[in-house]
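Naming follows writing order (A, B and C), and every chain is counted from residue 1.
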């Protein structure tokens, strides 16, 4: 029997995801030390494979395992490990030394579950093979899906090119905390300028989280900065099925008016994937207009401010916003721990 | 009283090693979570010192400690740590900052046991001192043995220049699983071509494992690719004492005929140690002849295929072999966990 | 309510520190495995943020958590993580990606406590911002204090520019072990030559440890190698209040005579901070005179030899001294574990 994985929230129903978020908040309410009312993972090891740096993700996963009585081992792919191959039929006499067809069963034999963070940089990839790959290629998340296909234990996506579902679930838990029942309330995912072109995985999963809760979601971005059409289509369908909706606009004033949540995030143009860094950067002219500052927040309905972190202060949002009472960014990060615990409990429990 | 170490299987009797392998399989049979019927390592830390990258070794050690109730801490020597000195009497005003005469007692005071992976590259060493060292020098495993001499807790060799006894024990457990009682059965350690010259530690320990089980062991390799004579001598003695034997040949057809196990592995010529990479590589002409493919396996007596991993697909062995029912490579890797647990239980229990 | 931190021993009274050292020794007496009579940290994670390499510090912290039933996660800042910003009001469009105003609350949400090692190199800093900073700037330990200010859980200084209080506490425990009640006994902190200019954090904390125990402390160093005047003033005050005293001299013969403890350590001149490496090195002419050898130890009152490690053999001290019965360096390092446990138990218990 194949294990169930957590690769994208799209593989899970809105109701299942809400259940996970509720479980996360129940765990959180239990206080310090071991989680009560959850499974006991004594003797179980979570393997963590990081192709990209991480603070929140790694520490939240290690803390979640500790709170469930288990252990975690984090490997930095490339420095701690070999280079991995995911293409079938390749003659491996080049740069890659281990195939996912071996790696996945091996880690399945050693670990109770495996978390993987592998996202290529938008401009210039993390591995030689992926360098310069366009979005249509990278969105396949070839390594992650090949690993999951050959794994016999649950696999958790800790951020791929296309999705960051752990962040999405933490945001969902945070929205439930902040708003009680957010169904039908206005949620704005607001693009912001950043000196480098950033990937779209996180905004994808954040948008889906609000949609799954049935919020009235607005994607607020400059022309040319649309997210992936397939993800937008799924978000709209799920938002509407859950009692909300989805719209896309570049009209900041209209979008912010009445918003209960402003979630800021920068990302690059989809057609910037695979370009040289200097060609991929968001245009400088967008910087001042798109920062989230006090004036922007003043247009909302006393909205809470969200961001996945790390955030460049006074670039994405101002000190005024980040230091205000309505800023929920640390709360989101804390909920990464409880969400990870809920996911692991569900997959392994 | 000096602690007992696990530096090479040659320090342990064939009977002791078989006992460890049997213990490993008993632990494995106990299923998920904590190991039942083993010691409780609560509050005990296994220190892991890696001079070389690792996937299986590190994760299997961390998982073994978790399953015995303990913890592990892995250090990447060189990046996480200082540079270490093992030569006595040196005036340390150069590149090394800490002597093993301090390091070993210190880690002995902080850890219940210490695992060390330190293998120089065959051509161009991992540390400046070792670069270009010949086999006669590297086989001494100077750092490992100096560390063990000054340690007051058990030391486990996680792969040195000369031996990889944890892999050997995992292979022994796998052979018992695959064959029940393998005594007198035919085991072939089959050399394969690889683009770089690889060390001999793993084939040494694999050959010894089959010998300790009393198998009829064949070292199948091209002329010039002999293993270390002292290891071969010990393997022959132990094989014969256990009811088996050892032979060396370059005749693939004869060697594979009747084999119950084919274990593939590449290694460089002993006289390639210390040479420039381009001089050390196995000859290209050997590539096609020595790959393990379906035709090679068809000559055997329905043999299982083994390899220590990582393996370059379609270089060492073909997809056909690795994806077949008789392929045991993931099983070997899984047994790394249970073997490590058996070793640690024996040394610390 | 703000948590109490362990950033410098100067924030703690001499009596409190002695209590911690006594607790450390009580834990040590309990033997292997879990600590008895201490708190239970099951489900609690210690976050460790290393900007500099570490052996003793990291392993002692991980072992301490394991012995108290908890877990630890070590991050290598810079490779595992983003670059951090601690200055308020900065427009973060440069090299730093995450502000301590986010990082500290986030890690506070994920961890029960956070340990931080961040010391700039004396000549050429670890981060671009700090490169070449003078002592007056570096002694502020801006990142550490900003982190503590914004953290909601206890923060432990694992070595900053100014202090290494965990080493100080381990030394205090060792002095109690070696001498029973060391009050009024002679303790010499003896400067030694080293090929590179080393920071003053460790000698600061070591000197303070002896002072807090009421020892008669002698700082023995060549002219020009004084420690920070503010630290020396505090050390004198605390030493005198506890029944001891403090003097500074460059007269080795007089200083070593009657000493019960010789603690060797190299450090650079305070005015070497921020200089180019070649300008910052201690003068070669000092090398032979200041090494701690058998002749130096023979002048003492059968003193024990201490050093924080790592130590360059036959540069700081000779083999004869390090291999003698009176050498306590491994004992000091072992006490890092029990001291860390006492600190964590006090802060979190």
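By definition in this document, a contact is a pair of C-beta atoms (placed from the backbone, for glycine too) under 8 Å apart; a residue touches a chain by one contact, two chains touch by 3 or more.
Just so you know, these numbers come straight off a predicted model, no measurement behind them.
Q: Drawing the touching chains as a network, do you get a line, a ring, a star, a complete graph or other?
A: Looks like everything touches everything, fully connected.
Q: Pick same or different for copies chain B and chain C, depending on whether their interface residues overlap by over half.
A: Chain B vs chain C: different; shared/all numbers falls short of half.
Q: At what distance in angstrom does the C-alpha mean of chain C lie from that of chain B?
A: Inter-chain centre distance comes to 39 Å.
Q: Residues touching two or more other chains, restricted to chain B: which are they?
A: 71, 79
Q: Would you mind writing out the residues of chain A in touch with chain B in their complex?
A: Residues in contact with chain B: 40-45, 47, 70-71, 73, 75, 79-82, 85, 88-93, 97-99, 101-103, 105-112.
Q: For a test of understanding, state which residues of chain B touch chain A in their complex under the given definition.
A: 32-35, 50, 53-56, 58-60, 62-63, 65-67, 69, 71-72, 74, 76, 79, 195, 309-315, 319, 322-323, 329-331, 333-334, 336-337
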